[in-house]
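Here's the structure we're looking at; comments come further down.
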Amino acid sequence: MMTQATYAGVLDLTVGAFLLAAVLIVWRRELSSIVHLLAWQGAALAAIPLAEGIYRGDAGPIVVGVVVLVLRAGALPVLLLQAVGTADTERRESTPLVNTTSSLLITAGLTILAYAVTRPIIALNPAPATRAVPAAFAVILIAVFVMVSRRRALSQAVGFLMLDNSITATAFLITGGVPLIVELGASLDVLFAVFVLGVLTSRMRRTFGGTDLDQLRELRD
Amino acid sequence: MSILLLVPILAPLTATALAALLGWRRLTASVTVFAALAVLVAGAMLALRVESGAHFGVGHLLRADSLSVTMLLVIGTVGTLATWASVGYIDDELHSGHTDRKSAHLYGVLLPLFLAAMALAVLANNIGVMWVAIEATTVATAFLVGHHRTRAALEATWKYVVICSVGIALAFLGTVLLYFASLHAGASSAHALDIDTLLNNAPQLDPDVTRLAAGLLLLGYGAKAGLVPFHTWLADAHSQAPAPVSALMSGVLLSVAFASLLRVKSVVDLTLGAGFLRTGLLVVGLLTLLIAASLLVVQTDFKRMLAYSSMENMGLVAIAAAAGTELAIAALLLHVLAHGIGKSLAFLASGQLQAAHNSTAISAVTGVLTRSRLIGVAFVVGLAVLIGLPPFAMFASELSISRALAGANLEWILGAALVLMTVAFSALVRNGSRMLLGQPAPDSPTIPLPGTVAAALITGIVLSVALGLSAGPLTQLFQSAATQLGASQ
Amino acid sequence: MSALAVVAAALQVVCVLAGAPLVVGGMRQVRARLEGRAGGGVGQPWRDLRKQLRKQQITPRGTTVVFAVAPAIAAGSTLLIAAIMPIFALGSPLDSTADLFGVVGLLFLGTVALTLAGLDTGTAFGGMGSSREITIAALVEPTILLAVFALSIPGQSANLAAIVSATLHNPGQVLSLGSVLAFVALVIVIIAETGRLPVDNPSTHLELTMIHEAMVLEYAGPKLALVEWASAMRLTVLLTLLANLFLPWGIAGADPSPLAVLLGLVAITVKVAMLAGALAAGEVFIAKLRYFRVPELLAGSFLLALLAVTASYFLATPTH
C-alpha cells in the first residue's frame, strides 16, 4: 500500500514531529502546555509502529501502535494533568536552573552528540527506519537534560516520560519493537511509575505546600 | 520441575492477593512469612539439581542455574527474617499510633509483591523480563519507602523513584540495543533476548553496538545496585524506610540488581573480551567505595551509616566482579549472602532503637548493650559481620576477594580497596561503640521488643554464626555458579 | 542568457523599487481593517515618501560621512539583492553571483550601515537602538545561513536559482522535515531582520521599545524617505525570498518567453501579497516580546535551523 519512499518520508515526518515536541518542551514553561506537548509526542511515537504495520501489511505493529497511542497520548498525560493542580503558583515552571536560551543551545549540542554516538547502529543496519534513530536518541539526551534542569516535580515527571517515550521510539526504529511480553511489561511499569509520581506529587503538595523540588533538601550529608 | 521454579514467584503473589483482600492482620502477615520461607525452600531444593547445568521451566521463560539458586537463597533468608520481624514491627506501630490501618494495609500488600518481583528477576530467562521485574521492584518499594508520612520520607521516595527510574530506563535502552545485536547475529525475534541464546550467539554480536549496550546496562543496573554515578538515592531511601524494608533493600535488592549485571557480564565478556566491563566495574566500584567510605566518616545518623555501609559493600562486590576469576565470583556470592543476613540484623535492631528514641541520631542513643541484651547483641553481631571480623562469613569472603584480586594482577586496586575499607571499618567501630558501650544516659527510654522481632533477631544471629563457622554445601553451589557464569580460572 | 532575461532582471529592480511601499501599505491596511479602523489606504506610504522628499534636508551637527551615506548603502545593497535574486525568472545575468552567502552578506551590509549611522549621531537613542539592532542581527545571521543551507542540501548547490529549480523539479521536497523546520526558522528570522512584531514594533517611538526606529531617529527629509524606502524594500525582498524558496511555482525558467515573464510577475505579486497579509494578520494577535526574551526566540529559531540541516543531511532519502 505504501512505497518505500513514502514510508521513509512518513517516518521522517513522525520522528521529526517527535523531536520537535521535545524541543518545544524544553522551550515552554507552562506546566499544562508541557503536558499537552507530551501527549502530541506520544501520538507521534504511536505513528511509528502504525506506519510500519501499514507498510508491511502486518497486524502486530498496528496493535502495538494502538496500545501506545491509548497509553502515552491518552492515559499518561491525563494522569499528569490531574496532578498539575489548580493553584495559580503551580501553573508555571519557576526559573529553571538553566535559562531558556542556554537550554536551547545545549539541546542543539545534544542533537549533534546523538548523531555522533549512533553511527555504529546505523552502520549495522542502514534501513530507512534505522536512519531515523539519531533523532530518537537525541530526544533521550534531551529528556535527561530536562530532568536534571527543572525545579518542579511535574516537569521532572514529564522529563521521565519523555525519556521512556524516546527509548521506546528507539526500540521501534531499530528492531521493530521488543517482544510483546516485554513491551506489555514495560508499559505496565511505566503506567505504575507515573501513578506513583502523581500520588507523590499530591502528597508533596499537602506536606510542603507546593511541588518545588528545591524544598526537598532535608536529607544531605 | 516447573513447579519449583514457579513457587518463588507465585507464593508471594498469593500472599499479596490475600493481603489485598483482607487488610493487615496476623493471618495475612503470617502467610507472607510462609511465602518467604517457600522461596527459601524452593531455592534449597533447586540447589541440588542445578549444579550440572541450567534448568528451564514454563516453556523457556524461567531459568534456574546456580546463580539463580544462590540469589533465591538470599531472597528467602533475608525475606523470612524481614517479613517475620514486620509482623511485630507494624503491630507495634499501629499500637503506638505511628501509622494507621490504611498504611499498614498498603505495607502488607506491597511487601510480598516486592519479594515476588525480586524472585522473577533472578529466575527470568529473558533479559527483557528480567528488566521488567527490576523496574517492578522500584514501583513496589516506592510506597514502602514512603511508609512513614514525614517530609524526609517523601523526599527520599521522590529521589528514589526518579533516580532509579532514570537508571532503569537507560538499562532498557541497553537491553533494546542487545536485542538489536542479537537479531543481527541470527536469533529469532521470540528468543533473541533469552540468556542461553545470547550466550550461544555471543561471539557473533556486533562489538560496537554491544559496547554501547554494555555501558548503558552497567549504568542502569548499577543505579539500582547503588553504584556511582546514580547512587544518591541510596542513603536517603534506606534510612527513611521502615526497618524491615531497609533490611530487604540493603540486604537483597542491591544484590539482585548486581546479579542482573553479572548475567549481562557473562554475555558481554564473550563478545568483547573481559577487558571492557572489567575496566568499567573497577572504575565504578572504586569510586563507590571511595564515596561510601568518605561519607561514612561524617555520619551522624545510624540508619544512614548502615546504608552507606551497604554502598561500600556493593563497591567491593563490583571490584570482585571485575576480577572475574572463579575464586572472586564464589567469594562475591558468599559476601552477598553474609552481608544480607548481617545487614538485616543491624537494621532490625536499629528499627527498634528508632522506635524507642523517635530519632535516628547516633548521639541520641547510648549504652544499648546495657539497656537491652538482645538488641545490643544483635547490633554487635550485625556490625561485626559488616566490619569483617572472624568468625563471621564476611571475613572469609573479604579474604578470598583479596586473594582473587592479587591473583588477577590487580594489586594496586586491592591496596586502594583495603585502605578504604579500613576507613569504613574505623567509622563503623567508632559509631557502634559510641552507641553500644558504656552507661546509658539517665533518661533513656526503654527499647520495645515485639516478639517476632526478637525471634527474627535470634534466628539471624544463629544463621550468621553458622554461616561464619562453615559455609558447608554452599561452597560447592557458589563455585558452580562461578563456573556457569564463565569465570576464568 | 537571453535579452529577455536581462530585461526581466531590470524589471525586477524596478518592480521592487515601486512595489515595496505598496507592500508596507498593504500590511498597514490589513492591520487597520482587522483592528476595526478605516486605515490610510494602500498608497499611503507613497504619499508619505513624496511628502518627505519635498522637505528640506537637515543634517545633525557632528555627524560624519557615515551618517550621510548610510541610507544610500542600505537602499543600494537591497536593490542589488533584488537584481541578483531570481524573482520573476531564473535566468538573470547576475545569476552566478546569486549565491546564498552573497545574499546574506548584502543584507548584513545594509544592517551594519544603518547601525553605524545610529552610532554616528552620538545621541543616547541612536546608540541604544544600534546596540539592540546589532544584538539581534548577531543572533539572526547564523540562523539564516543554516536555514538556507538546509534547503540547499537536497539540490547540492548554494546558488539560489539552483535551489529554486531543484524545488520546482521535486515538489514533494517542500513537505520534507528539513524544509518545514527551515521554513519556521526563516519566518522567525524575517520577522527579526525586518523589525516586525513580536521582535520590534515598527510604529512605536517609546524609548523602552524602539529598536529600528531608535537608530534612524535623527534622519529627516529626503534621507528619511530613503531609509523608509530601504526598509520597505528589505521586507519585500525577504518575503520574495521566502516565497520563491518554498512556493516557487509560476516563476519563469532560464530562457523565458514574454508571457512567462508576465506570469512570473503576477505570480510573485500574488505570493508576496498573501505572505504580507498573513504576516500583518499575525501581528494583530501577537504582543511584542520583552527585549530580554528576544534571544530566547532567536535561539529557538537557531535550533530549528540546525535541526533542519541535520534532518536534511541525515534523513535524505537515497534517491539522488
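We just call them A, B and C in the order they show up, numbering each chain from 1.
Please note the rule applied: a residue touches a chain if its C-beta (ideal position, glycine included) is under 8 Å from a C-beta of that chain, and two chains touch if they have at least 3 such contacts.
All values derive from a computational prediction rather than experimental measurement.
The touch graph of the protein chains shown is a line.
In this structure, the chain pairs A-C and A-B differ in their number of contacting C-beta pairs, and the larger number is found at A-B.
Centre to centre, using the average C-alpha position, chain B and chain C are separated by 66 Å. The mean-CA centres of chain A and chain C are about 37 angstrom from one another, to the nearest whole unit.
Chain A and chain B have Cα centroids lying 31 Å from one another.
Those residues of chain A that touch chain C in the shared complex are 5, 8-9, 12-13, 15-16, 19-20, 23, 27, 99-101, 104-105, 107-108, 111-112, 115, 128, 131-132, 134-135. Remark: chain B residues 126, 128-129, 131-132, 135-136, 138-139, 142-143, 146, 149, 151-152, 154-159, 161-162, 165-166, 169, 172-173, 175-177, 179-181, 183-184, 189-190, 192-193, 206, 208-209, 212, 235-236, 239-240, 295, 298-299, 304 touch chain A in the complex.
Within the complex formed with chain B, the chain A residues making contact are 117, 120-121, 123-125, 140, 144, 147, 153, 156, 160, 163-164, 167, 170-171, 174-175, 178-179, 181-182, 185-186, 188-189, 192-193, 196-197, 199-200, 203-204, 207-208, 213, 216-219, 221. Against chain A, the residues of chain C that register as touching in their complex are 172, 175-177, 180-181, 295-296, 299-300, 302-304, 306-307, 310-311, 314-315, 317, 319.
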